[in-house]
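Next up is a structure, given as C-alpha cells.
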C-alpha cells in the first residue's frame, strides 16, 4: 500500500514540531514537506502533498487553506479563530473544488471528544449531572472552554429528553460552593499545581453513578487525533467541523 | 394521558418488592397486580395488565412468559438461566403473537450497560485498555460476569479495528500482578469490605487516558432500567435481548 | 478474657438500633442493656454496664451522662448540641469521678477522621490544595460541615508552615466556578442522585498530586468508630473530644 | 537570612540537570557548583558548598560521599545501590565527622512517601486493603518497587495490630484476577500508554472506604523532596535513610 503524502504547515512551532514527529512515526504516512514562516506554499505542490496539516495563526490560515483547496490538497486544521464569515468563505472555495476535504477541529484530543460525545448520549438517562474540570493554576479562564461546551451539550440533551431541573435541596450555601451554572448544569473548576488538563462528568440516578473522565497528561495527546484526521479527510470531501464526525460512535 | 397498566410477577422477593415500589412511584404507570408464589396468572388478565415485570426463577419463567405472550401481555424479564433452547421456544411463542414484545436483560443497570457500550465504542481509538472491577468480599467469582463481558466486547472491537496486542514491556512479574487475561484485555478484581459493585475501564494512548467508571451503591440501581424497559417494550414487538437495544446511543 | 459489658442508651432510634447490632456482633463485648425513651437509667447499674453508648437527643444527654459519671460508667457519646457551657458542666462532673472516661465525637466515621488528619498533615508540603465534597441531592447545606472543617484544618496547617496564598491565575470566571472560599481553600459541593456522602482532598505540587478520598456508602459506616471508642474509653479517664485522639497516627 | 550554599554532583544527567534548575529557582538557596563526570571534587570546598546533592552512579557515590563527609559537607543522595556493607562503611565515615549529615532517599517524591506513611497508619483500622499501581507500558517489573514496599508496610501494620487474613469469599477465579499476593495484601499492576507513575491504596470497612492516591505526572515531581532534604539535612547529623524521617507526621 502506498503511503499518504503529508505536509505540515507551521512546522516550527511547539505543536507543529510535534506534528512533524507524529507524521514521521506513522507507518502509513510519508512527510513530504515541513513549512515554517516565510516558506513558499508552492513547495506543497512540488512535493506532491495529498494532505496538509495546518497549524499556523488566524492571520495566515485563510491564505494557506485557499491555496490548498485550489490545488486539491486536503487539509486538517488546528488553527483557531473561526467565525461564520470565515467558514462561509472557506465553504465557497470548497464548492469550486468539490473533491477536496477540509477538517477543522477545535479539539484534536480523541479522549476529550469522546468524553463530550458519551456525556451527551448518557445525559438523558440520569436525573443528576455535574462537571468537574481540573487544570494547572496558570490557566486564565474558569471554567475551561471544553467544560462549558460539555455542559451545554448535556443541557441540550436533557432538554430534548424532556428532563426538568436537577434535584437540589440546598437551602444554605457558601457563595460558589455549588459551582458555576451553565444552562442548569453545575460546573466546578479546580486549579492545582502538578495537573495539566482533566475533566470529569458525573451522572447519577437511583442507586448508581456513571463517571466519564478524561486526563490529558502531556501536550502530545492531540497527535493521535491529528493522524486520524489525516487518514479520514481524504475520503470526506467538503467541510467537516469537529473531530467527532470522524469517530464511529454508532 | 392514560397510565401504563403494569403487573409484577415474583413480587415478594427482595428485587420484586423493589419493583413494586418503583412501579407505584412512577407517574406514568399504575400497578394493577403483584403476584407471588402460588398466585393465579389469570389475575394478570383480569387486572388488565399491559406489561408484566417477570422476576421469578428459571423454574417458573417459561410458564409465566408463555401465559403472558398468549394473552398479548408484554414482558420485561430479569429472571436468569437463558439457553439457546429456551430462547428458541420463547421465539416460537412470540411468532404466534406478533404484536407482543418481550425484553430479557441480563443487567438492568443503565450505568453498567452504558459503560459496556461506551467502552466498546472507545476501544478502537486507544492503544491500551484494562478493566478493574471492585466488589464486596462476599462475592464468589472473580472477575465479575459484567467485567468479563466488558473485556470480551472490548477485545472484539479491537480485533475488528485491526489493533494488535497491547504494549507491555513486563519482564519480571509477581504471579497475578498483571491481572487475568480475557481475550488479551487485563482484568483486575478488587474485593473490599464496604464496597457493593463497581467497574472501571481505563483506556490510554499517547499523552491521554479516558476512564469510564460505574458505581452501583445500592440494589435499587436497576429500577430505572426496569421502568425504561416497561416504557419501551410496548412498542417493540418480538424478542429483545439486552437493555442496550432500548438505549439511544446513535 | 472477659468481655466488655456495654449498654446502649437511645437504642430504638435508627442509629441506636445499628449500635445494638454492632455491640452484639463484637466478639469482645456483651450487650447488657438497651434503653429506650422512658426506660429507667438504674438498669445500667443493675446490669453492671462498664460503658454506655449514648445516642439520644440534646434534651436528654446531660442527665444521662451525669448519671453515668456518678456511677463510674464510661460513656461514648454521639449526641450533638455541645456548647462550651455544656462541656464545662460535664467537666465538673468528671472532676468528681476522676477514673471515669467520656468520649464525645462529632464524627464516628474512622475514614472521615483519618481523611481530615492526613489532609492536615500533608497540607504543608503542597503548594495547592482544594476540597471536593459530594452528597445526595437532599442535603440542605453546602459545603458539608465535614468539608468546611477539613478546609479550616488545612488552612491552619498552611498558615503554621508559613505558606502564602495558593497559585491561581484566573482572570475571567463564571460566578461560582472556582468554588467557595474557606480560609483560602476552595471547596466544591456536588449534589448527585445515587450518592451518599463522599469527600476528596486534592493536593498538588510540581509534577505530582496526592488525593485522599473518603466514601461513605452506608449509614453503618460509623459503627467501627463507636466500637473503637468503647474499647479505648475505659482506659482514658476524663473528657476526650474527637475520635482522632483515640487513633494512633504517630 | 543568608542563603544555603548548594552543589549538585552529577549535574549533567537528566535528573541532575533538573536538580540544578530547582536549586537555582529556590529563593533560600544558592547554586555554588555543578559537577559532571571528570570534574574535580575539590571544587566543592573551593566553592564553599554546605550541602551536596549527589546524583551519580553506584560506582561513584562512595568516593563522592567520603570526600564530602571528610570536608564537613552535608549530602542529599539519590543514587541507588545501597547494601548493608556500604551503609556500614558510610556510617564509619560519619562517626569521624559527627556534625555532618547525610540523607539517602530511595524515593524523593513527597507524595509517594506520604502515601506510604498514611497507608501504614490507616491499615490497622480497616478490615480490607488492596493496592493498585498504574504505570506506562515500558516498565519492566510488576508490581513496582514502591507498591511492593507499600504492601509490605501495610502487612506489617496489620500484623502488629493483630488483624487476621482479609475477608475474601472467592471460590472460582481466573488466574491472576485477584492480583499478586504481597504478604497477604493483593497488589494489581496496570500498564497503560499515556500514564507515567500512579498508585492507589484502597482501604475498606463496614459501610466506608478510604482511598489514598498518588499521581506522578512529570519527572520533576521529586524536586520538592530534594529541596526539603537539603533544608533539613544541615540540622540532622549522622545518617538518615528515607525522606519520611524529615516529614512532620506526628
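Which chain is which? They are A, B, C and D, in the order written, and residues in each are numbered from 1.
By definition in this document, a residue touches a chain if its C-beta (ideal position, glycine included) is under 8 Å from a C-beta of that chain, and two chains touch if they have at least 3 such contacts.
Heads up on the chains, UniProt names are A, B, C, D = 4-hydroxy-tetrahydrodipicolinate reductase.
In this text the structure is predicted, and so the values were computed from the model without any measurement.
A.B. asks: With contacts defined as at the top, give the pair, A-C or A-B, that has more of them.
C.D. replies: A-C
A.B. asks: If we define chain centres by averaging CA atoms, which chain lands farthest from subunit C? Would you check?
C.D. replies: Chain A.
A.B. asks: So what's the Cα centroid distance for subunit B and subunit C, whole Å?
C.D. replies: 39
A.B. asks: What whole-number Å value describes the gap between the mean CA coordinates of subunit B and subunit D?
C.D. replies: 46
A.B. asks: With centres defined as the mean C-alpha position, give me the subunit A-subunit C separation in Å.
C.D. replies: Computed from C-alpha means, the inter-chain centre distance equals 46 Å.
A.B. asks: Express in whole angstrom the distance between the two chain centres, defined as the mean CA positions of subunit A and subunit B.
C.D. replies: 33
A.B. asks: What positions in subunit A touch 2 or more of the other chains?
C.D. replies: 126, 194-195, 203, 205-209, 215, 217-218, 221
A.B. asks: Thinking of each chain as a vertex joined to the chains it touches, would you call that graph a line, ring, star, complete, or other?
C.D. replies: Chain contacts: complete, every pair touches.
A.B. asks: What residues on subunit A touch subunit B, complex-wise?
C.D. replies: 109-112, 114-115, 118, 121-122, 124-126, 203, 205-224, 228, 247-250
A.B. asks: So in the complex, which bits of subunit C are touching subunit B?
C.D. replies: 194-196, 215, 217-218, 221
A.B. asks: For subunit C, which residues count as touching subunit A in their complex?
C.D. replies: Its residues touching subunit A are 126-130, 132, 134, 137-143, 148, 166-182, 186-195, 202-209.
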